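There are two complexes below, and they share chain A, which is joined by chain B in the first and by chain C in the second.
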Partner chain A sequence: MAKIHAGDCDFLSGGTDLLPNYKCGLNAHGHVISLQHIAELKQIGRDSKGAFTIGAGVTLAEIERNTEVPRGLADCAAHVASPLLRASGTLGGNLMLDNRCHFFNQSYFWRRSLGYCLKADGDRCHVVPQINEGGKSVLNNKVCVATHSSDLAPMLIALGAEATFVGPDGKRTIKLNDFYWGDGIARFDRKPGEILSHVTLPPWAFNVRSGWKKLAPRQSIDFSVVGVAAVLELDGDKVKTLRVALGAVDTTPVLFDFSQQEKRREPGHYLFVDAYKNMPEAVGKKLDDALIETIAKHVQTQAQPKLNVPMAPDYRKKMCGVLTRRLLTELRGGGK
Partner chain B sequence: MSKRLLKFVVNGRQAEVAVEPHHTLASVLRNELNLTGTKVGCDMGTCGCCTVHIDGKAKLSCLTLALECQGAQVRTIEGLNEYEMHPLQRAFAECGGSQCGYCTPGFIMKSCELLEQNPDPSRQEIKEALAGNLCRCTGFMKIYDAVEQAAGELRKKNTQQPAPAKV
Partner chain C sequence: MPTISGSGETKNEHQLNKGVWTDNGPPAQAPFNVIGKRVPLKDAYRKVTGEGVYADDMKFPGMLHSRILRATQPHARILRIDTSKAEALPGVRAVVTGADAANRFGVLPVSQDELSMAREKVIYNGEPVAAVAADTEEIAEQAIWLIEVEYEPLEAFLKPRDSLKDVAPELQLHDKVEKKHPNTNIHKAVDQEFGDVEGSFKGAECIVNAEFKFDGISHGFTEPHAIVAHWDADDRLQLYTPQQVPHYTHRALAKVLELPMHRIQVIRTMVGGGFGGKSDPFQHEMIASLLSMRTRRPVKLTMDREETFLTGRGRHPTEGKLAMAFDAQGKLLALDSDIIIDGGAYGSFGVVSAYYNGVLSNGPYAIPAFRYHGKRVYSNRIPSGAMRGHGSVNPRYCTETLIDMAAVKLGLDPCDIRLRNFMPSNTLTPYHKFRITSNGIREGLAEAMRRSDWKSKWGKLPYGHGIGVGCAWYISGSALPIHWNKLPQSTVHLKIDMDGGVTVHSLAADIGQGSDTMLAQCVAEVIGCSLERVHVKSATTDTAPIDLGSYSSRVTFMAGNAARKAAEEIRAKLASAASKLTGQPAQYFDLVNEEVICRTKPDVRVTFMEALHEAQADVGALVASGSYQSPPLGTQFKGSNAGLSPSYSFSAFICELKVDPETGFVQPIKIWAAHDCGRALNPLSVEGQIEGSVHMGLGQALTEQLRYRGGQLLNGNFLDYKIPTPFDTPEIEVIIVESADPEGPFGAKECGEGALAPIIPAVGNAIYDAVGVRMFEVPMTPDRVLKAIEAKKRAEAKGE
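Then we have the complex of A and B:
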């Protein structure tokens, strides 16, 4: 069916993101195909080869209650939206959540009064109205910087997860970090008619400490305006593995891989955060307060939140540093 | 778009309705089955007013397509108790947990799920379970009081009526 309607269909999983968007008339397609009754998508646990997989149709409530998943992931799932939304919302929907923006997540009437925007029905961006082209400032009719607000995506990227897709052309597995593109409209590398089948966690994800911190206007219901995921492995008191990933500060999650410097295949648009510019050395060093401070400073300096979700970008930028510091201090002490 | 036949069980009774594929469960319950106890507040998943039980789980009926409930067991506020008030309903009335009353069905359905899973929840557990329901009148304290009172009453009722002996 997805093949027949390729290009004009959307998949429905929990519906907690798709239905609010459709109600606002945001990029609605002619066909909606439900994935809710596919048993294969709802499995969580070790597969026959011993790899830990989480099906795309597993609800956030199930991930939150699962005792085998890394603590950071369970904690992250437990802080998404509200218990009612977590009962329906799924992993697949969370990873493919539409990017958010003040000028986009509004009713049709609201958007019409402003003349719409690039991401739906319009031809300009209200957040970045002008861009630099060939040294000249011109009207921005290309780049959308809508914020990527998924909570699980940065956490799973920090944990090194891989995503497996099934589509009309067969099956493929890619690193979750490579899946996201630096564009608020195209968002990710999903071929027409393809569905996410499951994500797989690497074996090392179960030997490290992991954690999650989120800033949102209210502690429940609201989307993150900053999310910080971190994965830490210590050798004595020295850093062996350290990966920090930010959510809700750019068009994609942003990975700061202090150990391997893992880079995204697709670098993204030029307004994109450069995680590796002037990155401090951390591996092999003692994780004392000074090093935590240096790491937090780096994350804060590179983060570039945009003015398109609640709370001022300056404040959110500062909170990237504050939350990173708090999280690493907590993880150093053994985590929760 | 052509209508489809939806067959499901609502409050213990078999129901058959012809529904548009894009209609939500909330609209079918209210407009086709006249079960207007389920309220629609924000229609966007934020307020929790439209909470119903689908196969025993509290979910938002405004973000559930009606056709997804094919063959499901749905329970609404009307199905909580047929002849007398449910202890939760009585406690909400007695404690002042309901003022304008618009959010009350949602709160009661979510609390009902909580008490079925955990008959003796702490105040923190009640707060966490109800974190997706918004009330703009009571300030929440009276709602938490009501859930505690109902929990006590239900526990008393359950110890007075021992479960029937297994044969």
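Then we have the complex of A and C:
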């Protein structure tokens, strides 16, 4: 079906993100293909080879209640939206969540009043109206900075998850971190007609401490305006593994892998946040308050939230540091 | 002394309903049988089972659906409107524009400045410009975007201070502006000065002053605006609308449609929340009516959430500069306030808002010298209007914050300084002559202090943890009707036929606050019947005698009194009938629990039905009418009517909370909410009103704000407009203070609005107790709190 309606269809799982956007007429397509009755997408647990997989159709509520998944992941799922939405929203839907921007997530009337934007029906960005090109400030008709607002994506990236897709050309598995790429329109690297089958957690994800902190105006319902996922493994009091991933501060999740094993794909646009510029050494060092502070400062310095979701960017930037510090302190103490 | 009860104490009905003595003498009648009982609201089951019919649920044969085309500019001349393409779309039955309705309307006779649809220019982004009736909503939606409108943009007035400037006539949003400032966009200016303000400030031991800023907020009611208009076979207009004030809509429809009032019936549908946001006559009511008259078919118009936000009438964005003077003992000497409120595009209730922002600061404390300069301005933003606590909420935050600042300066406990300044009961305010009857604020505050353990917490909790207080008062019904006339403000009709059912006819609008239940209780109490017998018909203007509707917290006081009076008439008839049946004098009979009992010989009794049938001999159904009109109140100066009420409610709240000093997040822990409602006719309902007020007030205090980009509302939906969720709402301990008003029905006063204002300053003052910063901007969002904390740290580091 996806082949027949190529370029004019969307996949529907829980529908909690797609349908509100359709109601606002946001890039709505002529066809919606339901994935709701594919049993294979609803598996969660160890496969025949012993790898832990979570199907794309598994609901957030199921992940929240699952006792085997890393604690950070369950906690992260438990703080998405509200109980009602978690009962229908799925892993796949959360990972494919459309980016958000207060110039984009509006009614047709509203966007018409504005004159539309780059991400839907328009030709310019209202968040970053000018960009620097060859030393000159020019109209930004290229880069959309809509904010990536999925919570599970940064958490799973921190946990080193891999994503398996199936499509007309067969099956492929890539690092989830490599999946996210590009600006607020491109967002990720999904091939035409492809659907997410499942994510697989590496064995080490079950030996590390993991945690999640979310900043949102209210304690329920709201999208994150900053999300911090962290994975920590200690050797005595020394850092063995440390991975931090930020959500809701850029067009994709931003991974800070302090062991520098895995880097973020360069989206190839001018507003790219480089997590690795001046990254402090952490592996092999004692995780004392000073190191935690250094790491938190680095995360805060590199984060570049935009004024396109609730709460001011400078405030959110500051909170990247505060939440990172708090999360790492908690994880050092053994986690929640 | 007033009595205290409420959710934190035992809910033993027997204890709650003992006849109580108050500082005003014995209660109107005690003990009660129906009054004071915790009864579920009459429409509760309909609402929870889905049986309740809202306008959007209604279906009529041949019904059309309508959508409104709204302005995409904040301020622009309309050069051209072409509806031909829309008219040509199959399924479209009618298109109307501003050309089809020239008459202006508005809720206040002095501000008739709204058009059904814009004519020469649009004055806010979202203003109706044209509308379509079609076979389906989808066709109507498609059709509105086929209407071509050409605009020539004009300079937009988006900040209230811009509207103070003198401008060319074409840049004035309305023809009629404040006479004192004829070349501006000032809608109304109020200037009042009483007592020796200058002298009081000169001689004061302690002066506190500050500048405050409040974002606009919206009512956030659950049901979006939805109506059905039907020009019927009798050539009459039937308008089904969830109106708080069907009577004013009735008048406005007659004016706009140029019909005599009797050719219009307004039928109030079930109201899914109003809070003041459904109390103006509305453009969409005119539009659907015009479309129905054009097509002679029923026309439904249901707005989406964004349109409901755009229709507006929420609390005015406010900027205030206030100062207060105190003597060394903390006695309040003077209040000087200067306030600008942003009215948005229309007048709405704004003249009243302009007065209320000043005059309602003359309580709950005695103010010996008072000055107020208030301006309400027009701007190219969503129209502001009346919202729960109308006109009193934002200035209340200012004065309560200043009193707290004075307490700190003078080294006094914030509760003590308040206790020193509360006005007494049974008094007149010195200048406006507001008649204060019963006043239980001292008892309320004392009880809130006791239950919250105030004395061992205030100033003693660790950093980041605080407790604060806020007090307020509010009118219990505006004493003067909006339209000057000699009619009573409320009339209630009763009818009892041989079936024994008691029908109450009233136009008091049950908007979820429980006024139908209140009317039934008042009637059942007087005629001694069970509540189940009483059926309230309060929806249709054809059958209901006029009541001015649900605004200014007037319904319990006024319609309750009218109902009581009508019931007294029936009671006399039933007592006469019992007298006839038993031979005992009529005045000896009490009507209690479905029986008519002789007081002197209790075994001489007849049943309610026996008395009823005897009374009906030869006359048939018993009918009676009762009405209420406020007594003459107040004094004589321009604007002296504003703020007059036959009675006032009082409240004293304490809030305990935690502030995260690194993120600025405020987490309320517990609220103790003492409210003097005179008498709780239905304590269950009173608790609901107070809890609802606290929840709503917390929204304004911490998270809710209308955010704009230029003239465009950024957050016209419930994801981005942040109403607190259950997780954000703390435990609320309601303390009901009963002071028995001498005139209120069974001693009752209002409880629906006054309980909102005190929570906001209680939060602000608790933040100060927690982290030592004063919040001068509301809502107190995390970024604002954090900014204040950081500024304080920087100042301390500099050794200031």
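Please note the rule applied: the second predicted complex is superposed on the first by the 331 of 336 C-alpha atoms of A that agree within 3 Å, B and C clash if a C-alpha of one lies under 4 Å from a C-alpha of the other, contacts with A are read in each partner's own complex, and residues count from 1 in each chain.
Throughout what follows, a residue touches a chain if its C-beta (ideal position, glycine included) is under 8 Å from a C-beta of that chain, and two chains touch if they have at least 3 such contacts.
Nothing here was measured: the structure is a model prediction, and the numbers come from that model.
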item	value
Which of chain B and chain C A:36 touches, first, second, both or neither	first
First (chain B), second (chain C), both or neither touched by A:83	first
First (chain B), second (chain C), both or neither touched by A:220	both
Contacts of A:290 with chain B and chain C, given as first, second, both or neither	neither
First (chain B), second (chain C), both or neither touched by A:322	second
Which superposed partner A:310 touches (first chain B, second chain C, both, neither)	second
Partner chain(s) touched by A:16 [first = chain B, second = chain C, both, neither]	first
Touching partner for A:139 - first (chain B), second (chain C), both, neither	neither
Partner chain(s) touched by A:51 [first = chain B, second = chain C, both, neither]	neither
Shared chain A surface residues [contacts with chain B and with chain C]	82, 219-221
List of chain A residues in touch with chain C within their complex	82, 102, 107-110, 112-114, 215, 217-223, 310-312, 315, 318-319, 322
Residues of chain B that touch chain A when the two form their complex	21-22, 24, 43-46, 48, 51, 57-60, 62-65, 67-68, 110, 128-129, 131-134
For the chain C and chain A complex, residues of the former touching the latter	70, 72-73, 125, 145, 304, 306, 662-664, 703, 709, 712, 714-716, 719-720, 722, 724-728, 781-783, 786
Parts of chain A lying in touch with chain B, wherever the complex brings them together	12, 14-16, 19-20, 22-23, 32, 34, 36, 81-85, 87-88, 219-221
